[in-house]
Amino acid sequence: MATIFYGVLLLGVLGAAFGLILAVASKIFEVQKDPRIEEVQNTLPGANCGGCGFAGCAACAEAIVSGAAPVNACPVCSGAQTSYIASIMGVEVTAAERRVAFVRCAGGSRANKKYDYVGIPDCESAARIVGNGPLSCAYGCFGFGSCVRACHFDAIHINSYGVAEVDRDKCTNCQHCMEVCPRGLIIDVPYAADVLVNCASKDKGAIARNKCAFSCITCRLCEKNCPTGAVSIVDNIAVIDYSKCTSCGTCASKCPRKVIQDIHADGKVVPVAARAAQ
Amino acid sequence: MNFKKQLKEGLLTQNPVLVQQLGMCSTMAITTSLSNGLGMGVSVTIILALSNIFISLLRKIIPDKIRIAAYVVVIAGFVTMVDLLLQAYLQDIAESLGVFIPLIVVNCIILARAEAFASKNRVLPSAVDGICQGLGYTLVLVVMSVIREFLGSGTFGSGVLNGGEGIRIFPESYGAQMLVLPVGGFLTLGVLIAVVQWMQDRSARKGGK
Amino acid sequence: MKWKKEKAEAAVEKSRRAEGKAAKLQLDKPYTIRLTVTLLGITVVTALLLGIVNYMTAPIIEESNRRKTEAAMQQVLAADSYQSMEGFPTEEGVTSLSEAISNGETVGYVCEVTSSGFGGEMSLVVGVDLNCRVTGVSVVTHSETKNIGTKVVESQEVLDRFVGLTSPITVNSGEENRFDAVSGATFSSRGVADGVNAALDAVAATVPVLQSAEEG
């Protein structure tokens, strides 16, 4: 019995002593941290994807609380999560328009090739090979999937035409694919946008036509026929200003090369590259 | 709480030794015979389950700053109890495992699961998690023991079968004794981890497509 | 006098900083009490439970150890009874020394020693006769590797090689009192040899009769 008593006494004294030491130490070495940071961090998805531009969710939480980032800095957060973060910070959340990534190419494996590329299936490597890569077009998609590997959300894949295609419902606009693509093919467009320019070629006329059967040849029909002036030609490629676009689909119907796609034309969402084949 | 999912995680996808890479030193040191592997595995499973249960019960009471001290006290308490019970009722296993029973206190798996799971979940899921992770650990121990013992000394089931001698499969002189030494532990564990990584890679690629 | 001025300024800065620090150090009483009491509670409950389990298992463990040791003693130097002695040197790991008595006469000595093997501590029982020679060695507890170290510690044939040797026993060298280690199990072999040497030295140091016998 004595051993039990001494054991309990000794361990009890040790426990109390360490509890006390830790209590004092935690006060002496305390780092004043805003409690809102932890609250915000717990709301963030915790995927550490870096889509906000900060080094992970912890850094994003700190930035939001310190004011360096807006409350909707995280593109992955749902509307409800963003509103909750806004309420922690005591501000109103402005409903940000949802944007998704979009790959501006329809050619892929159907585009003309300069040579057969046998090597590492990586877009960045291929782009450094002689002549800016194996495609005739200096702006086209190789289809080797560097963007696919960069995506944390399984939202981009190489389709059957050898072009990277974004799953608009899974995409969170974290922009990793955009950073990785050596051709700068991927841009972000509003989720609601249904008229899209499916080419990024800055070549014009016959040059563009010879490089790929689905290229924009800078005929300017879209620009001339757009009722709201949303379409303009910049660097020999059509660009749509979505603040002006009314989704009338005129440019799409006028385009002789079927480069501009109206993806909701018949009420269905058809993969963009597939439309170029029709 | 999905028992099947937690079991699959504990055994394969989140196996504490091969995937999370926790508790490796005891794995390499202990797996020289089947009885060692089984004995250690079962002991760790019991302690893991018990400590998970109690830490989960106490999770709302333990203040954040003393949580590590509290976890270690609970774990050490259970390890000592298991050590005493083994010495009293199963001396052979206690002797065989020797100094590695007290070392269960600092087995990374137990502290990691306490911190990552038991401190944030209710009692029943924590208990299940403890058992499943413990089973995963035991599985690795048994597999490694069988491999090392068989290739290293030519027996199977040493300490358990055939009155403790194990079934002799081939004469001892043909065995690669190196495998029963610490070197063999590193090699075998390395190969097992590589195999599991390859399996996971393959299933990820399949799923990805 | 520039350095004196700098020194004074530094001292003023230091005291100002210390003041600021003391002001920040406001111990939150309820928080401190909560930490202390919680850890105290956990350790007390754990200690209690441990005490109970120990109370239940200690007699069983002691009994089984005692039986093992007695059996080992009988094996290394059979006798009617063993009387434990006092005043033996404990530096080399000797934990007990007993006189083996048969028919009222001392027939030898039995020594319990601990030494280090490959897998940790092992405890031996060594029997020593009146000429300070080994009568038998038995390994009571060990953690040697199966099929390597156990070739030494669990093989009576190997342990019997110590019989008749006297201090100092050398491993793999020398002519007299030589013990050949089991190949591949050097650590375990040396561990046993160290233990036997310690036992022999302890007996020689404690029993005056044997001491003079050596000199003679």
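For clarity, chains are labelled A, B and C in written order, and residue numbers in each chain start from 1.
Here is the rule we go by: a contact is a pair of C-beta atoms (placed from the backbone, for glycine too) under 8 Å apart; a residue touches a chain by one contact, two chains touch by 3 or more.
The structure displayed is predicted, hence computed values, not measured ones.
Using CA-based centroids throughout, the chain positioned farthest away from chain B is A.
Of all the chains shown, the one with its CA centroid nearest the global CA centroid is B. Put simply, the C-alpha centre of chain A and that of chain B have 42 angstrom between them.
Mean C-alpha position of chain A lies 65 Å from that of chain C. Chain centres here are Cα means. That of chain B falls 29 Å from that of chain C.
Among all residues of chain C, those that touch two or more other chains are 31, 35, 38-39, 42-43, 46-47, 50, 54. Counting only residues that touch two or more partner chains, chain B has 65-66, 69, 73.
In chain A, the positions touching at least two other chains are 15, 18-19, 22-23, 26.
The touching residues of chain C, when paired with chain A in their complex, are 25-28, 31-32, 35-44, 46-48, 50-52, 54-55.
Taken in their complex, chain B has these residues touching chain C: 32-33, 36, 58, 61-63, 65-66, 69-70, 73-74, 76-77, 80-81, 84-85, 87-89, 91, 95-99, 149, 152-153, 155, 158-159, 172, 177, 180-181. Touching chain B in their complex are the following residues of chain C: 31, 34-35, 38-39, 42-43, 46-47, 49-50, 53-54, 57-58, 60-61, 64, 119-120, 141-143, 145-148, 184. Of all the residues in chain A, the ones that touch chain B in their complex are 15, 18-19, 22-23, 26, 154. By the touch criterion given at the top, residues 65-66, 69, 73, 208 of chain B touch chain A in their complex.
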